[in-house]
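Next come two complexes built around subunit A: one with subunit B, the other with subunit C.
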Partner chain A sequence: MGSARSMLMLFSRAARGSMAKAAAYRGDFIVGLVVALLFEFLTPLATILIYRSSAMTGFPGWKMEEVLVLQAVFLISRGIAFPLFFGLVWVVFESVREGRFELILLRPRSPLLVALSQGLDMPGFVRLLGGLALLLWSAGRMGGIQARSILPFLLMLGLSALTLFSCALFMAGSLFVWVGNSRVSELLDSILLFAQYPGSIFSSGLQLVLAAVVPVSMVALFPAEVLLGRPDALVLPGIGASLAFFALGLGFWNFMRGKYAGAGG
Partner chain B sequence: MSLIEVESLVKTYTTWQRGSGFGEIAKSVFKRELHEVHALNGISFDIGEGSLVGFLGPNGAGKSTTLKILTGVLHPTSGRATALGYCPWRERKRYVANIGAVFGQKSQLIWDIPPLDSFMMNQAIYAIEDGAFRSRLDSLSGMLGVRELMRQPTRNLSLGERMKCEFIMAMLHEPRIVFLDEPTIGLDLIAKESIRDFILEMNAQGVTFILTTHDLADVELLARRVIVINSGELVFDDGLERLRSYFGNRKRIRLLCRAAIADLGLEGLAETSRASDRDISYELDLGRTSLDRFIARANERTLIQDMSIEEIPIEGVIKELYRAAATLPRSP
Partner chain C sequence: MLMTIVVGPAFFLVQYFIWKAVYASRSLVAGFSLDQMLRYYGTSTIIYYLTMDFADWNLQMHIRSGSFLAFMLRPLSHRFYALSQKVGHRALGFLFEFLPVWIMFALLFRIVILPASWAWGLLSIALAFLMMFLLNYSVGILAFWLVRTDGIRSLFRLFRDVLAGSLVPLGLFPLPLQWVVFFLPFQFATYVPVQVFMGGYRLAGISLSLPAIVGIQAAAVLAMWGVTELLWRSGIRRYTGVGA
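And now, the complex of A and B:
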């Protein structure tokens, strides 16, 4: 069996298992979904309030609809990356704490692949709908999006997902040594706050850090700028930084995974 | 031919400890007192194809460390190990495709969905062809009697039913070596018997089993060879019968007589318990006094009403081995 076909089979079985788990706890899934959608719309709602308030001028150089496109891109990027990659963090969190990670190491596959498949959250993709709806609404109010921006935007969205995947690798990797640290998600939430607003509100130094050091701007700002047809000069270094960030994340994961010694037998 | 070869395996790791006082807890947030643990001190052994080996030792003896090294999960500090011709920790992916494991206290089944879904997940992980998967699943589920159960959510199954499904998970990809860690823990007698029969059946088909357990009935009923480690060192490696006679060829005898039993005055005879003056249990070292002589002497001194002669329970021998730690000479 070819390895691509075999991997496809693995993820299709994992997807089926994930759906079956959600179906087993329907109430939990529905309540969780409603709460998540409500929370995800808090930032766009705050943006609308800021722009409608006569006392505030909004974000410098950005119209309200453009900011909403940026925030919609953020929701879409999260909607793709969280169900695909962030289950990894909780699989590692629980299995390392309980000394069960060896069950993953006993599989004749990459431990990363097995942990990703175990953490796959198919119902989580429903959250994408909120981002897509916001994007369509904001783009509609702007009179549409240029067709030639769509392909570059999709490529940037791929890099955005890769950047979030890198964050998941750093978080999961740290849990091999920082056992049972549930605060890693709060750390990520704090960092991602910087991803939801236009770069113009930050100092130029911070903009450089967010583009080329920890490529947070690649999560939503740069894909949104490309979609809106107004990419800034930091996009190119941002692309390089996001690829380097991924390589570092993968290296960190492999290094930390090598430190796993299990819990007492 | 050896399937597993272990030579001078050493594992040392660093851990930390602290006291339970408030000050010590606060201090440990900033600075932890590290110390070295010598989990394995150079153990060596071979295991042949088709064996069923009991791998025993008290808690903290180094059993889990050895098994983790042999399953490719841990790297040893020094020493050499090969299994199926692979170095487990260097060629982990290719090696683990040929081994299975059942952990009595760590489930491989997905809790919320039926075992069948977990089996299908394993089919994908091990890339088992559809036809081979169906035929293997049919055969294993039939042997273990879980065909009707494997479509129910795992959480609704009893412990015994779940453990049978754990065995299916471990055997679907036809492993050549299976590591069993407390496979019958918490099971009732019927479930234990069924699991043990399954292990014996699979072993008869050529699968090598390495069994770690504290349930010595598992060892007596399954293992033909026993390896005992203590404090990271190998203290016994031989057949079950040799284990029984490790501290001498002894029998346990219960003597019930018509009148009070006088002192029998025999060498190597030790009274172990006394229900009454007429009902006494002994342990007899056959190397010093034969059974014939014991019976003759008992008949001389009193009138035997009933008598039972049993092997020394393996539990007693194991207990002594555990206590003796690494000071014992290694069995030839």
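And now, the complex of A and C:
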């Protein structure tokens, strides 16, 4: 109980710190936020252009609004996971490069927890608005979403956030050895590209890999299909894969953290 | 830099699947066949390795940190220094990004990307190299007015990439927007060199021969150089080197 309260206090202080940092350069922060929201709409914009220019035939078995629901789910999942978990990557990136990760290791808390709290990006949650707006708009054009889909969808969304957290653990863990690799995020971006389109466009072998090996389909495709009321046959292996992926991510983080040598200090 | 070998082909692989799916039910989209569409993305990917730079980030970092002062004491213009830096950086990019990805496209996707006309193709890439530099450098100059330029640089990058045809070919845009894009400098950084590479230019219903569009590209680069010069002269007066 005491430990939970102390953890809550740690995150609440980190949240206040994150807001204060954003307030220091308000103008730049607001422009940055607007840009982040605009960036969110790039893939949906490409989807709309693709459907418009192909006389709305687009992707086999998917109406444009359904693809937009999938992309909205991706944005929502990222809008939750990035502000919560991905600051970890940059905290590790900077502290390992500068040789001051010891300061995190010395604290009387789990290093993962401390690094997560230091990387918390409270204003980043505003990006969720883009995903929610797109979801409301595209679901509205489809005539709404069935109420019974919402609870399973929320459960899938939780797994989606967990999958992204696992990615953050792999990325951050790699930075203990791959010191100062600022392009590690591009690797994630290139993998997540596969999460933003219907599974039906990929070959069946690749669909299986994306569902059961590296559970990229759990990030948006499976939750979106549940929300649309037509769950995928691969969803069960996908759930298992995302839990295993998380366990692997955690193991990787712990293993790589043990390799930290403080070389930059 | 070697990260590009993974990232570039992964991006292209997604485009490959997207367009294979779209073309399953039709043979032409916005006047492009499937082969042309894949070539468009392949060409735009590898041309980017030759033209990209961080001139905006570098300049704003020097201005913000005060280290720009050292450049004012040197007997050469910072713009020339930054351009030379880009030449060196992209020479490495040619070896470690362009060539490996070109080979991967040829081996994995059977797409051999060669210019329809070597002379016009290379000239157009050289002009795109300069245009990208001048566009980014102009945004870097804004740091003379603004303390932090992260937001404005991101906003600019967003518009630059969308309006240059990196997201989708500009021919997929609605016609009125194609007209707007036709008069903006961004297309000269990506869309124009890609189209020249592929052997013909078409936008907003206008078709131009290779010499005509490369000539326009050269004029646009010259105009952009003028814009950079004006911005520089006006911005340099504001520099106080407070951070030094």
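In this section, the second predicted complex is superposed on the first by the 259 of 265 C-alpha atoms of A that agree within 3 Å, B and C clash if a C-alpha of one lies under 4 Å from a C-alpha of the other, contacts with A are read in each partner's own complex, and residues count from 1 in each chain.
What we mean here is this: contacts are C-beta pairs under 8 Å (C-beta built on N, C-alpha and C of every residue); 3 or more make two chains touch, one makes a residue touch a chain.
Keep in mind the model is a prediction, meaning the values are calculated, not measured.
Engineer: For subunit A, which side has the bigger count of touched residues, subunit B or subunit C?
Structural biologist: C
Engineer: Of the two partner chains, subunit B (first) and subunit C (second), which one does A:Ala233 touch, if any: first, second, both, or neither?
Structural biologist: Neither partner.
Engineer: Just checking: does A:Asp189 make contact with subunit B only, subunit C only, both, or neither of them? Give me first, second, both or neither.
Structural biologist: second
Engineer: Touching A:Arg100, do we find subunit B (first), subunit C (second), both, or neither?
Structural biologist: Only subunit B is touched by A:Arg100; subunit C is not.
Engineer: Using the touch definition from the top, say if A:Ala147 reaches subunit B (first), subunit C (second), both or neither.
Structural biologist: It touches nothing on subunit B or subunit C.
Engineer: In the superposed arrangement, which partner chain does A:Ala4 touch: subunit B (first), subunit C (second), both, or neither?
Structural biologist: Once the two structures are laid over each other on A, A:Ala4 reaches no partner at all.
Engineer: Residues on subunit A in contact with subunit B in one complex and with subunit C in the other?
Structural biologist: The answer is residues 25 of subunit A.
Engineer: Can you list the subunit B residues touching subunit A in their complex?
Structural biologist: Touching subunit A from subunit B are residues 13, 60, 63-65, 67-68, 71-74, 92-94, 96-97, 99, 101, 103, 106, 108, 110, 112-113, 117-118, 120-121, 123-127, 129, 153, 181.
Engineer: For subunit C, which residues count as touching subunit A in their complex?
Structural biologist: 3, 6-7, 10-11, 14, 17-18, 20-22, 24-26, 29-30, 146-152, 154-155, 158, 162, 167-168, 172-174
Engineer: Please give the residue numbers of subunit A that touch subunit C in the complex, ascending.
Structural biologist: Subunit A residues touching subunit C: 25, 27-36, 38-39, 42, 45-46, 49-50, 52-55, 57-60, 181, 183, 186-187, 189-191, 193-194, 197, 200-203, 206.
Engineer: Which residues of subunit A touch subunit B in the complex?
Structural biologist: Contacts found on subunit A: 1, 6, 9-10, 12-14, 16-17, 20-21, 24-25, 98-100, 102-103, 105-110, 114, 117, 260-262, 264-265.
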